[in-house]
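To start, the structure under review is shown below, and the notes come after it.
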Amino acid sequence: MGLFIWIRDIATGFGSLLVGMGVTIKEFFSKDVTQQYPDERWRMADRFRGRVDLPLDPLSGAHKCTLCMMCVRACPNDSLEIVQSKGPDGKTRVLDKYIYKLGTCTLCELCVEACNFDAIRMNHDYEMATYDRQELTLILNEPATRPR
Amino acid sequence: MPASPQPFVLSAFVVQLLLHPGAALSGTVGPALKGLLLGLGLGDTGYNAVVALLCFVVMSGFVTVTALVLTLAERKVAAYFQNRKGPNRVGPWGLLQPIADVVKLLQKEDTVPRAADRPIFLLAPFIGMIATYMVLAVIPFDQGLSVTDLDLGVLYITAVSGLGVLSILMAGWSSANKYSLLGGLRSAAQIVSYELSPALVVLSVVLFSGTLSVQAIVEKQSAQWNLWHMGPMGVLGMLIYLTAGTAEINRAPFDLPEAESELTAGYHTEYSGMRFSMFQLAEFMNMFIIAALTVTLFLGGWQPLGLLRFLGVPGYVWFFGKTTGVMFVIMWFRWTFPRVRVDQLMKLEWKILLPLSFINLVLVALWAAAGVGK
Amino acid sequence: MERQALLDAVLALCAEAVVDNAPQLPEVKLPRAKFRAVMEHLHSDPGLALDYPMCMTAVDWPEQAVITCVYHLYSFPHGHKLVVKCDADRADARMPTVSDLWRGCEWFEREVFDLFGVSFEGHPDMRRIMLTDDWVGFPLRKDYRDSRIAGKTY
Amino acid sequence: MMNLSPQSKDALKTEEYWINMGPQHPSTHGVLRLVMRLDGETVLEVVPHLGYIHRSMERMCEWDVYPQLVHLTDRMDYLSAMMTNWAYVQVVEKSMGLVVPERAEYIRVMVAELNRLSSHAMWFGAYCMDLGAASAFFYGFREREIVVDLFETLCGQRLTYHYVRIGGVSKDLTEDFVPRVLDICETFKRAVDEYEALVSGNVIFQQRTKGIGVLSAEKAISYGCGGAVLRGSGVKFDLRKNEPYSVYDRFEFDVPVGKNGDCFDRYQVRLEEMRQSVRILEQAVKQIPGGPSMADVKAIRPPKGEYYARLETARGDMGVYFVSQGGTKPYRMKFRSACFSNLSCLPEISAGWKLADVVSILGSLDVVIPDIDR
């Protein structure tokens, strides 16, 4: 009896291994799912949240920021900072620097939701690694300082 | 006095070398070389030394190439099992990947832990390689094509293949790392246990073939491979041999000495650079050896399959083809199964494989006594 | 057990208990002297059988100079919940442990010890659990200040 | 660190030793450190050391206003961030008596169940990897990927969703959401069957998990375990069934339970949960009403008081407790994470097993380290 159980256990065990091997060999001949990242790039979803961007209006070449500071207030991490000054007429305020600290940003999109003027958006940039921490502090209204 | 230069047609020689390398080497090259060396006054000892050196060089090249190909093959096979592409950046289909790996490993610093037992730590990788080379000496790649054909070849293999454990044990002990130590200890227990059932299975083949010479075992399979010539015992024997062999070379699902999720890298945790790659090399060559021995013992070695012999495909092609097949199965094991636990591993050997191989041996003995093998 | 019945049962155990008619869960505040005995009853009394430690934490009240330990308990057999509170003195924060009753409280209490500095008497392993062993101060106390904290400090 | 055991006086001297598993170790899934006292391979004692990525989130919560805290919860249980979002959002909504639009509730249920699928698929892969079956890891990830892709189109991120908000969800469904969900349902039905075929019946897997790390029902309750750990021990308790929140009372699904409370039961429960999630999804897709996906939320100022609410995440019973002083910031916020309690039973259930079993047990508890450390 014991011998019978012994043989049965070996047989069922062996059978179970064969079933597993059947699954893997099926996968061996099935199509691979690799996406070869630097070569094949995917189209980012429309809602993809990359880093914060201050787009310029293609026609006027100006940004839409009205310095309402809603985005700065909405940011949980103090990632945004707006430096402003009085304009030439001494009354209107002018955006000097829209400072964005990518290093502390969690890409939560609260600032974009807070903006009533569609002045900022999350762009589709996902390759945000840099060699230096300094490069993570961006000044969004000066295109020259943007990485790449 | 050198042997008189016979009319020697190079192309005919090449053809013979390609079709029957064993006969070409022993029939033409061997005597010519012997004549040349004796003529130089080196004598038999000198001749043997030169031949040994040549064999070593050839086998070194063979080992290097095989191991490189196997690293790539393993990664590719793994990738296909996992729905990936595998290495495909270096060269077409990633064919040059192993070279890139070697270059990378060569550039790496060869670190030795401060607390390590230095001489043993440095020596350990080489012991493993030596054991591997020693087994390779008797494997028949084709008719008459092996480094040497010992009368006691099978016994020699059984004796020498256990040497590899020494390397793992030395590495594990000398690394001054508890993970390495655990890996080494596991390996010692594992390899010592798993010497038994393969030995018994080999014994059953010996019993059936009536010879201890590896070449002769293959010769005997010219009509029928042992796999079916030995009846059900052939299949059972091969399964036992493959399982135990996989365990003996520490491959998944029996890769306990280097169980990644438990011991990080086991006995070679502390190794880096070329010394690390020596272990890898030995591991891949051991896989080749187990596959080659399985082929030799059960799948007719370089013997072609049945009527396909009339195709005139050279024996070594058959040999390597079959070996590749068996190696694929071993890789297939690795990429399918979870790892067994250390005590279950022992249980598998002592409670299942060993009794099975004893039964197998007795059955084969009866089978042989009934006169089937004759 | 119904909310009122549950609270009555606790009051029967300990007359000094302050029942807070909190909107969400039935809640009692126990005096520290009786805390351990009542908790033992709550755990083992088959009628109450609050066997599941849902949550255990503390709240720092610097004005009252107390750290309130809050135990959220749940009963698998009966399906009722009870919030038990007990004040620890802020200057000399000590509480009896309940980690032998609810094993899960062992780590909860370590966390409270780590972040609030409430020492649980009778706890088998009263060490810091999150922070390093040589950390100074208890970060979740309201008066904790740390110059290493980046970001907002207001 | 070497300790001499009492038995060391005996002639057969064995020495116990301590070994550090982690914080960097392949099977601790992050930065968990286990200090283990071993006797050979047998684990005598496990002491988990937490806090390697403690960020003091509870203190951070005291600095920010309520809507700004949702994104912090993404970073706790990052494998089921939809549900940690929801757990936090739910308690704030309860405190204010905020009524969430029905469509938002359905969306929440759907994304939560999708997240459960992805989380369990990844757990399956990681668990098999812990046990040494490398290919299953990729199969798990392959299925998880399609869910993550869907989330990316839905809310713009693959891991830290920040999708469930106070009052609803941040964005309405995309047009292709429902067909893609149905597609995912079909894929997962196939995938779970494949997982079962690959692993569940496998004799090695069964030996590595059956009877290992048994957690009795009483112990599971006493330790405050939740989710599959609790149900694996045979306690039929699922917050979605026992205290239905949101619209879970409108769906038909079963609560799978185990019998023995061993690793295999926890595994089985999770696989079955994936099937049930698919069932819920299929019903939710049919029932989902139209309307707004976000309530009209003015100021978020929970009235003074203390609030506690629990939610069934992929890992178990997640509770959020907060004290409000009536302002826009919480006075005290406590996240009772499922993994913290689930892990607390590890020392108890892993003592006496082999080193490899600790890996298996730890894997079966399905801990996410940021959720433990917070």
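Note that the chains take the letters A, B, C and D in the order they are written out, and that residue 1 is the start of every chain.
By our rule, a contact is a pair of C-beta atoms (placed from the backbone, for glycine too) under 8 Å apart; a residue touches a chain by one contact, two chains touch by 3 or more.
All values derive from a computational prediction rather than experimental measurement.
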item	value
Comparison of B-D and A-B (more C-beta pairs in contact)	B-D
Centroid comparison with subunit B (C-alpha atoms), farthest chain	C
Subunit A and subunit C: spacing of chain centres that average the CA atoms, whole Å	40
Length of the line joining the C-alpha centres of subunit A and subunit B, rounded to whole Å	50
Averaged-CA centre spacing for the pair subunit C and subunit B, given as whole angstrom	65
Averaged-CA centre spacing for the pair subunit D and subunit B, given as whole angstrom	46
Multi-partner residues of subunit D (each touching 2 or more other chains)	64, 135, 139, 142, 198-199, 202, 204
For subunit B, residues that touch 2 or more chains besides their own	81-84, 335-337
Multi-partner residues of subunit A (each touching 2 or more other chains)	17, 20, 23-24, 27, 33
Subunit D to subunit A touching residues, read off their complex	64, 67-72, 74-75, 135, 139, 142, 145, 152-157, 160, 162, 170-171, 174, 194, 197-199, 201-204, 206
Complex interface listing, subunit B residues touching subunit D	78, 81-84, 178-179, 182, 185-186, 252-253, 255-256, 259-264, 334-344
Complex contacts: residues of subunit B adjacent to subunit A	77, 79-85, 88, 332-333, 335-337, 352, 356
Subunit C to subunit D touching residues, read off their complex	22-25, 27, 51-55, 57, 59-60, 70, 72, 76, 79, 83, 102-108, 111, 115, 128-132, 139-140, 144, 151-152, 154
Residue numbers on subunit D that touch subunit C, as the complex places them	50-51, 54, 56, 58-59, 63-64, 94, 218-219, 221-225, 235, 237, 242, 305-308, 310, 317, 319, 321, 323, 331-332, 334, 336, 340-341, 344-345, 348, 373
